[in-house]
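What follows is a set of structures for review.
Two complexes, one shared chain (subunit A), two partners (subunit B, subunit C).
Showing the complex of A and B:
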């Protein structure tokens, strides 16, 4: 076995992605104008390489912002599960961590979300290391190594004008093997995870409700919900029915715990009517409730909510403040 | 339960009973039969999501006997878009249903105990599966004395009124009806449940209280029961929340680390005391 790792030039990588495009839909960082996001691309020249982190997470590749989940007709109700084979290219370690969490939450609980599960099973996920931390990122404090993740099929790291490639899963090995003859001769050593100081909350639920001044914390919050929109782990949703011709369709859309109507009962009663209650829900759900249910904190430190907030709020600062308060 | 928890089944409305007709309290009970002779197995306390296609979907508790599930009954108050649409349906029309969801009343745990049911208004509907389950001939002897305090605003606001005479014929069953304000020709009680419960005699050591009604009634009655010395883990209720998915994914009914749709809707007061007050 050679000591050399697999390295591809950008041209070789593009060739591989172009080949994958023949029978798969490839989602990769691209731009529709102003901002970088994960878009379906049908030409490798549309892929934006580089170290910029797309403003929105790639969660909608698996959990679209809007998707049809039921068709009602005279014959009954039917559902079509997604069958498209996809590639997600360029997902960063924080996002790979988040997708793995979504997989756990949505497919390993009591009920399996068949739409998410089908999309996840049909995807080849190619991760990409971040060269540098971006302003607002705190992945190093959230158990995410910006340089490596094994929660994907293939993992890439930019190295000069080349990309070092690691295969992580069998699916990844097979996909890479189709383009690199003699795959076994190369070194494929996963990097060791580098744990760092962890920003987490070990608070009792009750303390979060009684000892923290959420009114003050949320003074500037606009309840706009952008934090939940760009977040890689937020997954709340609502259903919306639409009638067209003789049929009715049910769509699943992203919803947000930041919106006043999120918990509004038909009777008018609203368990979380105030902004401070809704924001508390978001922080507590990510840092306390999911940890209680699944053993993990559903924040990867990707910094997107911090960079996107029009009021300059930071979940990192808020969590640090709570830790101090409850010490 | 099919593999896709979001996919509803088609059912036919085989009967509709107009329970109350007040413009502010228009309640109808729908009897539904699943397509193709299928049956929905459920237990007392569970709920379903009912769809009016093209309008939307909402959660409702079962209101019928789980041991007689050739048809299932659901009581619906006209309140919003979905319930408006359902109220416009007629016998023979289709409706879509998915479930059952949620936990159940502890039917085994209640065996050997006396039970005090306290229901306010439409709150009797989600208790009816447990009541009728207990009153089944094969089950009746497993439970002790059954007392019911059923409250409604006015004499015409009671739901399942037709059941009361039958229930009163069953051994060791005592039913007290009460309304909010005095009216002519009303021979039963007047007053709110939390004021009447103190007059009822039950053995604190061997009674479970099972409550359902408006949140304010549940809070007032459970407070009174605790003052009377009833342990919190013997006071059971069922919560209402906005619930889109029914399977713990959509986030709406999340209270603390629990989800009303999977960890509830049945909770004991002891459990509720350990949860944030967000219901």
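Showing the complex of A and C:
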């Protein structure tokens, strides 16, 4: 853990963010009037400080809900790589762990996603510790320390009316040092992270398919998909091409394995036609397939899917049930 | 206390129906949700009826679970759930004798902070209009009458508000999935002949979706508020749907889901029906 650190008052922190706003787009927790969300802000007074967790993860800063990626014209195809320099402020440890997983999945696997990679490269990521777990959070069971993460450039902890700022990366140090010199320094003593017993699955795919009653598990699911939209690690997308005047454009939009048309083939066949099969994909992908492919469980325990589910479903309860069933 | 007594009566009714074989499954609620919410529960064995819970947090509209369930089903139904079931019957989606309605009086549901849930604060129907079994709540008889909140704003104000609401929308379609009335196998927005949903998720697409949905719910919305509650982005487009509902009530004297024998407004055509021009066109009285 980073030892070098400084302390800022809220006013100083706001000054620092205001300075960053001059040449970067800053995404920070802000209110839409109804909910707290990571929004682009151009006035520090619009930033909502505090321990409330935005309902949806900040993944759309790097992987937007909708993006135009290729333009086709007589001169051929041209990809439009994003160039905007950004700051993500206030990402929680669970979000930071998830972003790091997305980076692994989208840039270090068989295929590379240049759009995600460019956005990640262009971003200064400022993390923020959670003061406490919210209803539905189970980060401590998913190896996520709510008090610290090093998957960012700077990491903040609220301490009374001040903020402890830990330098995590050189990029972070440069960004901060460049703007506000001569601040209160202090030596950070790393706190010990005591994770709860880890919730994971060591199941064989065959067993998941044959020994688990997915019909029963998913009877109340409404296939609404919001669990995947709010999830920080879900990353499914689809393409859609449109023609306009004498050009054509390719858009990339979010998809979700909870949607009935998720794997509908052109032939009309759908290997996951029923919601029991789609929900099985959600659990297996997070807890088994990604582990097989990348050696990590792609669920940080942020609890967003649980808080959002209109039917009261919980991936935690489901995974616990599977563990019991397969013992 | 009152809820405990009602819960006892509901459990007894459920146990009896399951034992008699009158139903294969009963849709009800149990505890155990986040923030003490009561969540949907499929009761299949008489002994499981003991787990049923009834209270002021049984928010979810259970009617959508009935659609497409090929079983003899019983449903613990609040007045808005009953109205949705009645719509299914009048829209030929389910047969009356395939569903056993345990109708329950409802004085309104609350969220985790004790505030009235969307729909509940303006609810005008506190007693189930149709039922096979009936669970009474004395308090439901004495609730103040509420006038429908629609038709108060001008078209311009409406447009402005609508814009503000859909700005928050991320087009996840959860509202549609939660709605009893959105049971089309393929929603118009997902059709590509013609292509209703352009590639870009922008304001235009959102208008198309929400306006299209409002039109398709004309005279069908039962004001359960499930759409608004399902929306995690805090979008309230239900007020637009309410305007349409009010219009249908005024023009055709029809309220959705009140009578299983009455054909729905959209399925009836009478010679003396009033015809209204679309989008502010000529009216023929």
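Quick note on the criterion: the second predicted complex is superposed on the first by the 307 of 327 C-alpha atoms of A that agree within 3 Å, B and C clash if a C-alpha of one lies under 4 Å from a C-alpha of the other, contacts with A are read in each partner's own complex, and residues count from 1 in each chain.
The rule is simple: a residue touches a chain if its C-beta (ideal position, glycine included) is under 8 Å from a C-beta of that chain, and two chains touch if they have at least 3 such contacts.
Small disclaimer: the values here were computed from a predicted structure and weren't measured.
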Partners on subunit A (subunit B, subunit C) - clash or fit: fit
Subunit B versus subunit C as contact partner of A:224, first or second or both or neither: second
Which superposed partner A:205 touches (first subunit B, second subunit C, both, neither): first
Touching partner for A:265 - first (subunit B), second (subunit C), both, neither: first
Vertex subunit A, arms to subunit B and subunit C (CA centres, degrees, nearest 10): 90
Touching partner for A:242 - first (subunit B), second (subunit C), both, neither: both
Touching partner for A:110 - first (subunit B), second (subunit C), both, neither: first
Touched partner set for A:306, first subunit B, second subunit C, both or neither: second
Overlay on chain A, subunit C to subunit B nearest C-alpha distance, Å: 8
Common interface residues of subunit A - those touching subunit B in one complex and subunit C in the other: 240-242, 250
Contact set on subunit B toward subunit A in their complex: 3-10, 35, 51, 53-58, 79-80, 82-83, 96, 215, 240-242, 244-245, 247-252, 254-257, 262, 275-279
Complex interface listing, subunit A residues touching subunit B: 69-70, 72, 76-79, 81, 105-106, 109-115, 205-206, 209, 235-243, 248, 250, 252, 255, 257, 262-267, 269, 271-272, 277, 281, 284-285, 288-290, 292-293
Subunit A residues within the subunit C interface of the complex: 32-35, 37, 55-56, 65-66, 68, 135-136, 219-220, 222-226, 229-230, 240-242, 249-251, 253, 261, 306-308, 310-312, 314
Subunit A partner contacts - residues on subunit C that touch it in the complex: 32-35, 37, 39-42, 60, 64-65, 164, 167-168, 170-174, 177-178, 190, 198-202, 226, 229-230, 232-236
